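Presented sequentially are two complexes of chain A, the first with chain B as partner and the second with chain C.
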Partner chain A sequence: MSASPAVAPDLTSTAWGLLAVVLQCCVLAAVSPILIGVMRQVRYRMEGRIGPGIWQPTRDLLKLARKEPLVAPGVRLQGVMPIAMTGTSLLLVALLPLMSTVTIPLVPDDLFVVVGVLLLGTVAIALLGLDSGTAFGGMGSSRHMTIAALVEPTVLVAVYALSIPVGSSALSAIVDARIAEPVSVVSPVSLLALVALIIVVVAETGRLPVDNPSTHLELTMVHEAMILEASGRDLGWVEFSSWLRLAGLLGLVANLALPWGVAQSMSIGGLAVAIVAIVVKVMLAGAGVAAVEVFLAKVRLFKVPELLAASFVMAFLAVTASYLVV
Partner chain B sequence: MLWPQAAAPESAAMAQALALTTGLLLLTAVLQLWRRSLSGSTSLLAIQGAALAGLVITVAIAEGAPELFAVALLVLALKAAIIPMLLHRTALKTGGTLETSHRVHPTAGLLWAALLTTVAFLAARPLVSASPGPLTKVAPVGLALVLLGFLVLLTRHQAVSQLVGFVILDNGIATVAFLTSGGVPLIVEIGVMIDVLFVVVILRVLASQMRSVFGATDLDDLTELRD
Partner chain C sequence: MSVLRLARTILRIGRMAAPATDAPSETAVGDQVLTGSVQVRHVDAGSCNGCEIEIGAVFGPVYDAERYGARLVASPRHADALLVTGVVTHNMLQPLLRTVDATPKPRVVIAVGDCARDCGVFKGGYGVAGAVSDVTDVDIEVPGCPPAPDDIVAALRRVTRR
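Right, the complex of A and B next:
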């Protein structure tokens, strides 16, 4: 479905669309380590610590990229899965309408494709955890898949609720409709679906009430347990892909909540504004998440399904309510 | 009918207000099944009462019935302030601040809530199709509240939680009444509300009695008759 009538499916628009997609991937890839730096720095400052500055994750990544990975004998996937994870994260960022809502047929930004790509990344990291053959790896993978199985239906139902008033499951069409009618952002359907979506994004990216990204406590860790055996370059790719995924998903939520600044047609000026807008939005969203995390403790693993069931019911009620407002 | 049509612009504001108030009613009822603390439960009940008052005001504007504003004030005073406050004080006095029921796990309770909401919407289809209109369209929410109130009554042990379930049930009945018939006459409305208030006060006394006899307000202790 073409989102904007001004764009005819000819060669120029395809070139523009490809340029926008490539630009989007590059900007998000460059921003994601800085985003993590900002989030950590916000946390440190609020806890009264000085912190290493916002460039530390970038420096870590560059350091890891130069190091040779150590692979135990018999482990086959450790060289492949980090690259596969980075590939799915880049694909996810390419599919989401983060900078422009102009779509090209090559890149279907349909909701179901996006959820499929999300799940692909989840499976890749779970395989990485299982392949190392250690107790922690398997435990982390099993926990991660449990959470993923509870998260994916909520993502689908929440975005479905947002797509009902628009009449299309293409994410770019949803963002377009929100720019055209800003009142719809504060409608009860949209608020319920956004709250549900925020909870599942937090769960999907392993942030605080669900998983603590800064500890290696064996009883609770999920993400860290799966990547314990990765080292050197491989660890760098794994970390980068999960940061990129976080940046993309935060950008999606930010664009659904505050759709302004997204380019609706192709021009150099529009894209420049869109780059600035998405960087500011992702940074603000990340700082907000980090600030809220300071006040949260990790919930017990057995209470995570409770939280996710609540978010599912909210998304479900959003769908029921969206049939009420018609 | 996968993608319904967009709303007509003139009724859009009222439809938004209806969706907001009924959505809040439903959400506060569903979240009751998640919260374990009794004080959280009573504050959710207060929000629900305020949402019901908002719904009555919306109905009053939609139907052009000025006497409903008085009813809205009554609802606001009784269901958003007095009853939740009484329940909150009962919870503090009887000592039980946590609902420790394990009859239904909160996760299962939330999924039951989703199921019951669906059942309510399906069961109310004849009602909605009998007189199609913006008000009757949201009437299934009242039915869902009745079912959720029953669920709370069935799954909770504490006396205060039972009262909360009872008030949710009553809110559901009132919602259906306002949405399908524009409310019952004012005098009947006052009678029903006073009735609910009396039930809450009597059960509150009963809860204090239970507390002094058993040392707790868990209804499972009531297994034999005493004099």
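Right, the complex of A and C next:
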């Protein structure tokens, strides 16, 4: 934002944006297995268990990385799609304004780009499910695409509602405007849009009440059904990419709800604060989601569209209100 | 149950898990790679479901095998260890062998219960193809009919080394 006029602004901000993006990817990649560990640990404790500790998902990943994948004959995409998924998740995390609102001028962190990248990851995992050639894989893919078709419009509309007062659909501009004017966070428009966004993030990342991440019943699975055939290293990539996606989206919602701590200028100190801030925010958001999940049961698949329709209505109301109120 | 009642129950009960015991003294089984993280797939090859109830208890809140790094999963492709219960019946022989084949190496096969070890009370039955060790390699055997959850936990801990 405030590049000092003495230096060539373009080059510095590009370099700075790159630094922030690389740092953001590294921090989120390191944090996402721990986030899952925290979420599971919260659940274990509330169930009266002791639990394996927050490092268990990291241990699982390291073990999976050292296991050879088994590939059924005729399956082609098993080795490719997990890497593609990880790529889209990293791209998603790179585009979101999680730590710094200084962006690389050439790379848009536009809302529509972000939703596109989100959809790319969804298609990758759906192809993985179809490619396995099993009944459950195809069923999971079809369910996932159904949910995605209902989720993406709501993400668009909800963030669009937030972008109207700002006059820009760049996510970093929205976060910037929220820091500049904190009152806008609790405006009715913002609250409606945030609730809608939380519901769709829960649906998109396969948490309760839309999908049960720890289910063993194939007939109720969505995310799990698509990865039933993945094994070894491939499974590790799939798990890692969905965890990274969850961390990124939780971070986005947290930053829209509590925009403070995000680095707005090019300073090392600001970036250091931003790292701490995003880690704390993501962990708290994750722990909150896990605690609420204890009280929820998975809803019937045919009820999911109703839930998502409600979130779409809220997002739509937010858009309407933003024209009326502002 | 209402949310409030559930919250009160959670607060009242607190920790349900039995206190952790020392790490097992028997020698570890399976590859070093599995240290601290073992995904378990359960296969019922023809059991009376007595063993299943005990396995359910093992992964329940009281025995809480997950604290030692073992977790039940939904697919043999995700698994490192197979918990096989019951005698191997003719009908389950093929599915069992396929499940073993579908488990990526390094893998561990654990025969749980007297039936899985030596056919137990079903020895000589017309539908019985044999004990688990007759049809595939077995790494650990857990005796008992049904085995106590503590014994199953001890067997799992020999694999997770925790």
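Everything that follows uses one rule, which is that the second predicted complex is superposed on the first by the 316 of 326 C-alpha atoms of A that agree within 3 Å, B and C clash if a C-alpha of one lies under 4 Å from a C-alpha of the other, contacts with A are read in each partner's own complex, and residues count from 1 in each chain.
By definition in this document, contacts are C-beta pairs under 8 Å (C-beta built on N, C-alpha and C of every residue); 3 or more make two chains touch, one makes a residue touch a chain.
Just so it is clear, the model here is predicted, and its values are computed rather than measured.
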Requested in this report: Name the contact category of A:87: first (chain B only), second (chain C only), both, or neither.
Outcome: neither
**Report entry** chain B versus chain C as contact partner of A:66, first or second or both or neither
**Finding:** second
Report task. Answer with first, second, both or neither: which of chain B and chain C does A:167 touch in the superposed model? Result -> first
Report task. For A:108, select first, second, both or neither according to whether it touches chain B, chain C, the two together, or no partner. Result -> neither
Requested in this report: For A:306, decide between first (touching chain B), second (touching chain C), both and neither.
Outcome: first
Query raised in the report: More residues of chain A are touched by which chain, chain B or chain C?
Result: C
Report task. Report for A:56: first if it touches chain B alone, second if chain C alone, otherwise both or neither. Result -> second
Query raised in the report: Who does A:153 touch here: chain B (first), chain C (second), both, or neither?
Result: neither
Query - Set intersection of chain A contacts, chain C complex versus chain B complex - result: none
Query - Of chain B, residues touching chain A in the complex - result: 3-7, 15-16, 18-20, 22-24, 26-27, 30-31, 34, 105-107, 110-111, 113-114, 117-118, 121, 137-138, 141
Query raised in the report: Within the complex, which stretch of chain A touches chain B?
Result: 164-165, 167-168, 187-189, 192, 305-306, 309-310, 312-314, 316-317, 320-321, 323-326
Requested in this report: Show which residues of chain C lie in contact with chain A when the two form their complex.
Outcome: 3, 6-7, 10, 13-17, 20, 33-37, 39, 61, 64, 66-69, 71-75, 77-78, 80, 102-106
Query raised in the report: Mind pulling up the chain A residues that touch chain C in the complex?
Result: 44-53, 56, 59-60, 62-63, 66-70, 215-216, 218, 221, 224, 228-232, 235, 294-295
